[in-house]
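Have a look at these structures, which come just after this line.
One chain, chain A, appears in both complexes that follow, with chain B as partner in the first and chain C in the second.
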Partner chain A sequence: MSMPGDSTVLRQTAAFLAEYASLLLGCGGTCIRIEKNTKRMAEAFGVNLDIFIMPDHVTVSVWNTAQTHAEIAQRRTAHCGISFDLNTRLSQLSWKIADNRLGLPAAVEHFEGIKTTKPTGKWEVLILTSFANAAFCRLFGGDWFAMLIVFISTLTGYRLKQIMLEDGRDVRLTFLCASFFSASISAGGHIFHIGSTPELALGTSVLYLIPGVPYINAVSDMIYRHYLCAFSRFFDAAVLTACLSAGLCAGMLMLGLKWF
Partner chain B sequence: MMWNDIFINIFEDGFFAAIAAIGFSSISNTPRRAYSTCALIAAVGHAIRYVLTQPELGGLHIIPASTVAAFAIGMFAVLFASRIKCPAEVCFFPALLPMIPGMYAYRTIEALLLCLYHTREEVFSHYFYLFAFNGLTCTFIILGMVIGATTPVFLLKKLSFTATR
Partner chain C sequence: MNYPMITWCIIAAVLLCAFIFRTIEYYTARHRSYSCDHKAKHLLGFGRETDMFYVPGDDHIPGITNKEDASEDQ
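Coming up: the complex of A and B.
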């Protein structure tokens, strides 16, 4: 029977924990959550763990309890997009392993099941996001016409984003194009003098693209002194914000709005 | 403003914040069981900020008001997270988004572009003032919001990290 201290078991444990951490990092988990979850599972497996989280890679070293032998596994951060559903399931798995003392084979089986979790339906997201952005416009003081314009511009811009990401286009180019598209459509309110708050429609039309999760995670990482990850997440988000701003400006310039 | 109008405005504010929270939950692939909690927390948080910023009520500046409302959102998120078996950030992120100062951000970019288009000193200074004013307000609102919402997770660490148990 293999014991936790065996080299093969250590290697398999390290590989599992590194894959787990890479998926949790990729789906938008904070560094503190990754640390806590992996340490919880390592304790349940009867091994010691050190984890090194970098923006693009995760390195896990797993030691036997006597600290005489270690195995190291490194994985690239999974590019699965932000998913709180995956985050929740992975956190639940760590508690299941800790509380029910699941062995490594059972843990791997559960993990493989989680990896196949389907994201929210694209049409559902499209409709809900469009309503959300229209509600956003109302919160900023927009009238019903502005809300309608924002709904349509979000619907088309978000659909473009979905198509470009499905085609594997660069995420920065996608943000720029989606923002340009939404801004150009919502500029119609300004050009044709629709409603009394066309400038609010224009300003709100691209807000669905703001990468809020990386910004919030950056602050969380900063609080827990994971400065490199905090910096990386912040700059990733800042680059995307710059892209969406550039798309908005390009849309306004193209349509020659009157204050230019 | 009559009390009746104030209550209608608070309700309307909360209602639209809830719709926005549900929409933004779906973008981040939030589990469906968390939608109603996110909507409720967003409505309460946004209504708190609305009340705090009204001259007849709280009369606070938007920066401290956003921070206080975000702190309330963070507290509710930590408390409700264990009920729906989701991490706290699943609840507070969609609830925070409706408080993003989008118009300040938009006016910052607008003022920046107008700075670039005007070379006369007085006009340039005016737009640069608008750029700095809107940019700083926007930055500090976001900073206050994020710090306000993450502080409860930090303070109630044990509760926050056992929510999915």
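Coming up: the complex of A and C.
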């Protein structure tokens, strides 16, 4: 019977925890969440754990309880896109392992099941994002015409973003193009004198592109002193924000809207 | 129509054309994949200039080893 201190078991445990951490990092988990979840599972497996999280890699070292033997596993961060569903399922798995004392084979089986989780359908996301952005416009005081304009501009801009990302285009170019077209389409309210709040329609038409999750995660990482990850996330988000601002300004300049 | 209106119409038309091209491309690719097992081809694509301007018989293609010379050395 294999014991937690066995070299093979340690190696398999390290590999599983590294895979888990890389997927959780890739789907938008904060560093503190990754640390807590992996340590919780390591305790359930009866091993000691050290984890080293970098923006693009995760390194996990697993020790036996006597601290005489260690195995190290390193994995590249999974590029699966931010997914709250995946994030939740992975956290639930860590609790399931800790509460029910699941063994490594059962944990791996559950994990493989989670890895096959399908992302939310692109058409649902497209429609819901458009509605959400139109609701944002209402929150800022926009009228019904402005909401309709924001809905249409978000629909077209977000679809363009989906198409460009599907084709493997650079994410910064994608953000620039999406914000340019969204801003230009929403400027139609001002150009054709539709509604009483066209400036709100223009201002809120690009809000769906703000990378909110990386900004929030950057703050969380900074609080828990994961400075490298925090700066990496912050600058990634800042570059995307700069691209969307450039697209918005380009749209306004092309349409001759000199509001600033 | 004034300048901003014309610009807006051009931008909207470009975006509409992009969506229409994408739809045509999608249905063409799906039709091809149903009718035969060939890999779906893109209507528009990016390539290197050597892909476009190389004519069989040209002496040298940048970035590609001359296989004839390599086999002669052996």
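Everything below uses one rule, namely that the second predicted complex is superposed on the first by the 257 of 260 C-alpha atoms of A that agree within 3 Å, B and C clash if a C-alpha of one lies under 4 Å from a C-alpha of the other, contacts with A are read in each partner's own complex, and residues count from 1 in each chain.
Just so we're on the same page, a contact is a pair of C-beta atoms (placed from the backbone, for glycine too) under 8 Å apart; a residue touches a chain by one contact, two chains touch by 3 or more.
Quantities reported herein were computed from a predicted structural model and do not represent experimental measurements.
Trainee: In the overlay, answer first, second, both or neither for which of chain B and chain C A:F136 touches.
Mentor: first
Trainee: Looking at the overlay, what does A:M254 touch: chain B (first), chain C (second), both, or neither?
Mentor: A:M254: touches chain C, not chain B.
Trainee: Using the touch definition from the top, say if A:Q92 reaches chain B (first), chain C (second), both or neither.
Mentor: first
Trainee: Given the touch rule stated above, what does A:A187 touch, chain B (first), chain C (second), both, or neither?
Mentor: It touches chain C, and chain B stays clear.
Trainee: Going by the contact rule set out at the top, does A:S153 touch chain B (first), chain C (second), both, or neither?
Mentor: neither
Trainee: First (chain B), second (chain C), both or neither: which does A:Y208 touch?
Mentor: A:Y208 sits against chain B, while chain C stays out of touch.
Trainee: Residues of chain A touched by chain B versus by chain C: which partner has the larger set?
Mentor: In the superposed model, B touches more residues of chain A.
Trainee: Chain A touches which residues of chain B in the complex?
Mentor: Residue positions touching the partner: 12-13, 16-17, 19-32, 34, 46, 85-87, 89-90, 93, 96-98, 100, 102-103, 105-107, 109, 113-114, 117, 142-143, 146-147, 149-150, 153-154, 161-165.
Trainee: For chain A, which residues count as touching chain B in their complex?
Mentor: 28, 30, 32-33, 36, 81-88, 91-92, 94-95, 99, 119-120, 124-125, 128-133, 135-136, 138-140, 200, 202-204, 207-208, 210, 212-213, 215-217, 219-220, 223, 245, 248-249, 252, 259-260
Trainee: Using the touch definition from the top, list the residues of chain C that touch chain A in their complex.
Mentor: Residues in contact with chain A: 3-5, 7-8, 11-12, 15, 18-19, 22.
Trainee: Within their complex, state which residues of chain A touch chain C.
Mentor: Per the stated touch rule, the residues are 156, 159-160, 163, 181, 184-185, 187-188, 191-192, 251, 254-257.
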